[in-house]
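Residue numbering begins at 1 within each chain, and the chains themselves are lettered A, B, C and D in the order written.
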C-alpha cells in the first residue's frame, strides 16, 4: 500500500486528512461515525482567550452548493478548554490541532502561550481570517502587515511547536499574505477560510443572517480555493494545507495536485459525518490505481 | 402595474433587467427565445481595439452550481463590430450597451472613442476585471490607481454618454475600487465579474482549462456578489448594477434589495435562454404581491 | 447510538397536497436504534438546490416491524421532493438526534400535548410512549382548517383530542391558545408548532406555573452539535438545539 | 427555428448497463421543429451536481409519429441520470442546434458513414436521410465488443454494415481505420466517434483526397454561439462548434 504520511513542518501526519475548525466540534461528536484515530489529525473549534457567546441566531443559511455561517467563534475560552475539554479528548491518538482566534494581537499570543504547555496539542492553527467577528479576525488576515504581526507575536509565544496560519480568501493577493506569514516563521499555511457573502430573504426583505454577512463554505467555493492553494504553493516554501469545499476523495486529490501537502474537510462533515474515512480510503485507492507509491509524489504535480 | 423603469445616470431603462457581457452573444442568438425589445438593455460581448482569437480550447468546465470559463475576450475588434455587427443589431429598440476591454489604457480609450460616435450605442461598460487575459484586464481592476486611470482615460474619450465600469471581485476591498472609479466620473459601476478559480482533472492530473485558471460564474458566486453589491451601494452615490449568479426573479430582487438599481443576467442564459423574460415577469408579480408601486422603492431597502 | 443509515421507503401516503406520511425501514434489515419521543432525524435529499440534510421529527417508531414514520409538510424544495418520493426508493438518514421529551411524571398526572400544523409530528410517538407508561395523555391540536388536521384517528386511539381550527371547519374556531381545555389543571404541557404558538403556550404555562416543554425548529446544518449554527439563547447562554434540544423546558429559555 | 420545449419520454430502452435509447415526444403535442441529420439538442438534467445542459445528438426523427430518438452513453452524472429515467417523465430540451451533415452529392455517389461507440448516434438519421435521397449509404461501425454495437439492426435496414470490434467478438478485429472497406472508392466519408478515431479517418481521407466530414464533441455551455466556450481551431480561426459545427469538413480544420 502507498505511503500516505506527509509532514507539516516537524509534524508527521499518518495521512493528509485533517478536519476543518468549526465543522468538527471537538471531534467527540463524530466518534459514533468514524475512527478518529485514523485521521491524519483533527482541528477543533476556534478557541479564544475569553469565552464568547458568538453571534445571534440565525447564524446559517443554505446557498447554492454551499452555506453561509455567522457563528462568530462561540467558545468557552482557552482556560475552560484546558480544564474541561482537553482532558476528555486527549485520549484520541490522532494529532490534535487547536484553532486559535483573537480580538487583538495580545489575545492571540496569550491563547497560544497557554496551549503551548499541552503535550497532546500537536500544533495550533491561527485563524487570521474569520469574517464573522467585528473586531480582529479577518482584519488581520487582509493585509500583509496585519498577518505578519499576528504571526510574529504568536510565533514568539508558541516556539518550537508547529504553527499553522490560516489565511483569508477575501484578499487581492493571497500569495503576498502567505509570504508575509512565512517570513515570520509560520511552519505552514492553511487556506481557505470562508469567503464573505450575504443572502437576503426577499419575501421578508431582510438578511437571512443576524449579522447581515457571513462566511461562505462548501463546494461552491472549491474552484476559488484550489486556485488560491495553487498560487500560494508556488509562492512559499513551507507546506500548504488546502481546504474549501472538499466533499470527497476526488476533491482532496485535486487540492494535493494543486500543491497542498495536507487537506482539511469542513462543511462536508455536515452532509456525511463519515466522509473523512471515505477520503482516506479514496486516497489509498487512487494511489494504487495510479501506481503511486508515495502520496508526496503528487503534491503540486500539475 | 408597478413602475419598473430605473435610471443609470442619464440612461433610462424600461426595467432593471440587462444581460451580462459574454453570456448573451450579440443578442441575436436569443431572438428565437425572447423579445429582445422587452429587455431593459442588453450588454454584448467584450470588444477590444484589435481582433483577438481568445484562449485555446478547453475554455470551460462545470463546477458545483457554476462554471469556470477562460474565453479570453475572443472578438473581431471594434472596427469589425462597427462595420458588420452594429448595423445588424441596431434594429432592436432595447438599449444596446457595449462591453469594452483593453490590454492597455490607450486601447481602452481608443475603443471607447470609436464607439462614442454610434447613436444606437446607449452606454459602454468598461471591463477592468477580466481574469482571463494575460495583459491588462484584471490587473487594472485590482488597484484603486489602475481602476482610476482606466476610468479617467475612458471618461475623456467617451464624454457625455453613460459610462459604466465593471468591477472585479478579486480584491480585498471592492468598495475602495468603486469609490476610485466614481471619483473619476463613472456614471455607474457594475459588479461582479467572475471570481478567479481553477479546476483539475485528477485522473489525467492536469487543469481542465488551457489557461489553468479561469473565471467562476453562476449561482455558486451569488452570496459573494450580493455582499459586494451591498458594500459598494453603501460606499458610492452612483447607481450600482448587480450581477453574479442570478438564475431567476427572486435572485434579481435579492440584488436590488442589497442596493442594485439594475441587474444583469449572465450564465443563467445558458441554462434557460428565456430566463430574462421570466425575471421581468417575476418583478411585476413581486411588486404587485408586495404592494410596491415603483420598483425604485426597494433598492437597497434592507 | 447515532448512525447514518440507508432506509427504504415502504409507503409514502399523500395526506393532501401539502403533507405526506412516510414509513421507512432500514435498507439492510438491521434493527433500528432506540429512539425517544421528541428526537429527530436528518435526511439527505438528492435534489438540485438542496445541499444540507433536513431535520424531521420522529413521528412514530415500531420496533416490532422495524419501521419509522415521518410526517412531512411541504415547506420548500427538499420537503416537496420528499413528498414526491415513492415506495422502494432509498433515503440516507442520520439518527436519532436530539434529547427528546421528558416522559416521567407522578403517576396519574394529567398531561396535555399541544400541536399546531405539522408540529403534531412528534406528539404521536410521545403520546404512545406516555400511554404505555400508564398516563392518559390528552391532545390539543390546532390547524388552519379540518383538512390540515393530521393523523387525527391515531391521536384519538391514544386519548382525548381537543381541536381548534382557524376557520372553524372542525372543533373550536380560533387558535389553540383560546381553547377551554387549557383551563384544566395539567401537570405538564408539551408543545410543538409554529414559534408564535409555542410562545403563547409558554406564556400561559408561566402564568399558571405549569411545567411546559416546547420543541424548537431552529435552522440546522450538522445536527450533531458540531457547527453551532442552531443555537437558542437560554439561561445558560447559547446552546445547540440539535443536542441540548430540540425539546426545552420553558424555564431554561429566555422567552419573556 | 430553435426552441426550448418540454418533451415526454415515451420509452427509455436500456440497451445495456451503459447505453439507452430514449424516444420522446413534445409534451404539448405540437409538431416538432424540422431537424437535420448531424444536429443536436441540449438537455436540462435535474440532478444534483449537474448545472449546464448536456448536448446529445439527434439519433432519429419521425415526423409522422412526432418522435425524437436519442442514444445515450453513460459518461458521468448527467448521462447516468438520463439512462435511469422512465417513460412519462419530462425533459426540457433546447433544439435543434448546430449545422448538420451535407446530404448533397452527385447521384450514385458511394457514401461511407463511420461511427465509433456512441458516435454512431447521428449516423442513423443521416443514413435514413441519404437513403431517402436515393443514395445507398454504407456503414462502418466500430466498438469495443459486440455488446457495444448499437442499433445494428436499424443500420442494416438502411444499407451494408461493416463492423470492427476491438476484441474481435463481431466483424473484423481491430480499429475501424484498419477495415478493408476503407480501400473502396467513396465520394465522401462521414465520421463521428472518439477524437483519435476521427483524426485517423481524417488522415486517411486526406491521403486519398476523399471528401470527409467529422462531427466534433467539444465541451459546450450555451449551445447557441453566445458563450464562445466550445471553439475549435479552423482555417478561419476559432469558431463555435455549436453553431458552425458540430459537423466540419476536415478541410476547414487544422488537424494535420
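Just so we're on the same page, contacts are C-beta pairs under 8 Å (C-beta built on N, C-alpha and C of every residue); 3 or more make two chains touch, one makes a residue touch a chain.
Keep in mind it's a predicted model, so treat the numbers as computed, not measured.
Enquirer: With one step meaning two chains touch, work out the least steps from chain B to chain C.
Expert: Tracing touching chains, the least step count from chain B to chain C comes to 2.
Enquirer: Quick one: which chains contact chain A and chain C both?
Expert: Of all the chains present, none is in contact with both chain A and chain C.
Enquirer: Which chain lies the greatest distance away from chain A when centres are computed from Cα atoms alone?
Expert: D
Enquirer: Measuring from the mean C-alpha position of chain A to the mean C-alpha position of chain B, what distance in angstrom results?
Expert: Distance between chain centres: 34 Å.
Enquirer: How far is the middle of chain C from the middle of chain D, if each middle is the mean of its Cα atoms, in Å?
Expert: 54
Enquirer: Nearest whole angstrom, what separates the Cα centre of chain B from the Cα centre of chain D?
Expert: Measuring from centre to centre gives 36 Å for this pair.
Enquirer: With centres defined as the mean C-alpha position, give me the chain A-chain D separation in Å.
Expert: Each chain's C-alpha centroid was found; their separation is 47 Å.
Enquirer: Could you tell me which residues belong to chain D and also touch two or more other chains?
Expert: Correct list: 50.
Enquirer: Would you give the residues of chain A that are in contact with at least 2 other chains, written as numbers and ranges?
Expert: 63-66, 218
Enquirer: Sort the chain contact graph into one of these: line, ring, star, complete or other.
Expert: Topology of the interface graph: a ring, with each chain touching two neighbours.
Enquirer: By the document's touch rule, what are all the touching chain pairs in this structure?
Expert: Chains touch in the following pairs: A-B, A-C, B-D, C-D.
Enquirer: Under the stated contact criterion, what part of chain A meets chain B in this complex?
Expert: For chain A paired with chain B, touching residues are 63-66, 68, 142-143, 170-172, 195-200, 202, 205-207, 212-213, 216, 218-224, 226-227, 230, 245, 250, 253-254, 257-258, 286, 298, 301-302.
Enquirer: Quick check on the complex: what are the chain D residues that touch chain C?
Expert: My answer: residues 46-48, 50.
Enquirer: Which of the residues in chain A end up touching chain C in this complex?
Expert: Touching chain C from chain A are residues 22-25, 29-30, 32-33, 45, 53-54, 56-67, 69, 71, 74, 218, 267, 269-274.
Enquirer: State the interface residues of chain D toward chain B in the complex, per the touch definition above.
Expert: Counting only chain D, the residues touching chain B are 1-4, 44, 49-53, 94, 218-233, 237-238.
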